[in-house]
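Naming follows writing order (A, B, C and D), and every chain is counted from residue 1.
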């Protein structure tokens, strides 16, 4: 009985993509709510305003890092959805789990910006990235197992996707570990890894990541 | 005169789907605004930060519950829209009523998170779920009566949809009733029902829900 | 020179529709941010919570009114866009002006909810509705004059759209005038007009609106 | 290895457009959160409410300016995306950089509205516009170099796009320079430039911009 409903539920790749784009767009833009103009009462001169804005720059960096994280995972999810012939309700729910992790990013980011020197904040931030990676790994695997791939998808797409996620997550985990030294080392390393993914070098050791 | 306008108004299923995906995406992401990083002045050590975050965990659970609720109703609405050949203005307005209930979820969730032990908060939360179910039932029924179904939709789709909503709402109503014992019993039961809908078991008693 | 760029700019109806759905979705959901759970410190019993929530009910009514207003104008814009063959940059900018009026609704609503008995708040709210109507009238007229209509659009569509907007705006203006008696009379009348547009009666005097 | 993944990543123009429309829609609507109804405790008469709202009017002007800025860049990006045959991952990341600049607009706007007479605020606002222009220039150039243009795109589209951006940015830079006189001169000049772009005159000197 219930299974009959389940057969017709959650089949639209287009709507999954639309909901995903919406959640990413809102999460990406909500991050900025964390960046607030200094209160007008506390500023008495142009120099004070300059100093107050300079004090916001670590927040801006954390925000840029989160925007990039969301961008990387948006590209990753898009790559999977582009090669889907259709969805099923399990895949839909795995993607909803992924979107749940996306919707947590503004909170993790705000926590990180507020407590930039605390390991707890950094580890929660990393846990959020780990959840994003784990869910995307699960959607990739289910897509292959349930035969939802489009006919023209490259044969090795599953291998490429899984390899990509595993390498990235290993690097993120190493970055998180660096907080044993100092949370700034962690942040610097994570930013470096992200820069490589954004630039996407085509040659050399980095081109193999 | 007016009816002529009404004949051409509100016919686009695509735009209804796009607006719906937008409202769901914003509502799902706004829930998180309720999760706020503790104020930096109140935290003096890593241990205090850990305790403050632990104190947020019931909120995280309520938020997860609301995200899941929205996910369940998003899948439900999508399943209906996927089988529409076209819309009419009455169906459009019924879906707008459904979206109104969606847009109330961040408020109900925030109330529930703030007053987790109060029956009033739980009953309002349940009333929101009831409104979601009632509107989705109404859109399903109108879709069938007005002959808006696509030609390739399964013949029994109306029966499946109505049965699904009635069983789910009965379970939710029972969960709400449990607040006579304790609001935590209600929450636990509702979370259990949702877990079943997310996992969507294919066999046994649960597979018949 | 510049005109050559203008010839290729702003032609996509699909993207205009997507941006519009996004702005409507965000505006509709942001309204709810105005509804806030009472502060936990001010509530000491279930009865106090009930009273605090009851005190929110006028706000809920204003919110419902604004959601309905946005719904009416969303259906109105959609009806125009559905019959477009293509857009041009002037039409795009007229629609952006319309979306500006949409984005002001959360502010007008918040003002109205806060100062429900003040004429200034009601007149600003009405001014927002007037701006929405005026922009939609302008987009309708430009669409006809610039020959952007799809081939299969009904011949009299322009007449229907303009007649519809003029009658609605006359009713809203009369509603606003009622604030000379009392702002509650205005609100009641506007809600009544909206109810008629939502239900869309097919017969009798109301069917001719 | 990595390059193989890069070959299949970020190819969907539709999803890039959908994410962009989402980010623009949220940013355009979030601007309004800066416009807040005056606190009910501070208002004791209709006249006081009128004065409090009048005091908000410079904010409304800044908000209108930002909405227009976002509108101009939305039309600009749309014009590029409309003529794309496909995307690649570099183009996707350049557009994500552009969207980052879009997501900063609510912050720049809020800063500008709060410190309307301070050069620092104006220069940061201008820096945001410069970043938007620079990213859009980069996406335009990459689109041409990487041969991503659709077959039916006008041959000189690249020239038109680059010329358009360079002229606009020169005007904005001149407007920013005017803050050496006074920030209000800057604002006035920028609003004038925007009005020309919105109206898009077809003849005379302005038609050549």
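Some notes on this structure:
Heads up, the rule we're going with is that a contact is a pair of C-beta atoms (placed from the backbone, for glycine too) under 8 Å apart; a residue touches a chain by one contact, two chains touch by 3 or more.
Note that the coordinates shown come from a computational prediction; the quantities given were computed from them, not determined experimentally.
Relative to chain A, the chain whose mean Cα position lies farthest away is C. For the self-contact between chain A and chain D, the two sides draw on mostly distinct residue numbers; the shared fraction is below half. Superposition angle, chain C onto chain D, using Cα atoms only: 90 degrees, a multiple of 5 between 0 and 180.
If each chain is reduced to the centroid of its CA atoms, chain A and chain D end up 25 Å from each other.
A separation of 35 Å divides the Cα centre of chain A from that of chain C.
In chain B, the positions touching at least two other chains are 18, 21-22, 25-26, 30. Interface of chain D with chain A (complex): residues 1-6, 8-12, 15, 18-19, 21-23, 25-27, 30, 89-90, 92-93, 96, 99-100, 103-104, 106-107, 110-111, 113-115, 118-121, 124.
Interface of chain D with chain C (complex): residues 17-18, 21-22, 24-26, 28-33, 35-38, 40, 43, 46, 49-50, 53, 64, 67, 71, 74-76, 78-79, 81-83, 154, 156-157, 160-161, 163-164, 198, 200-202, 206-209.
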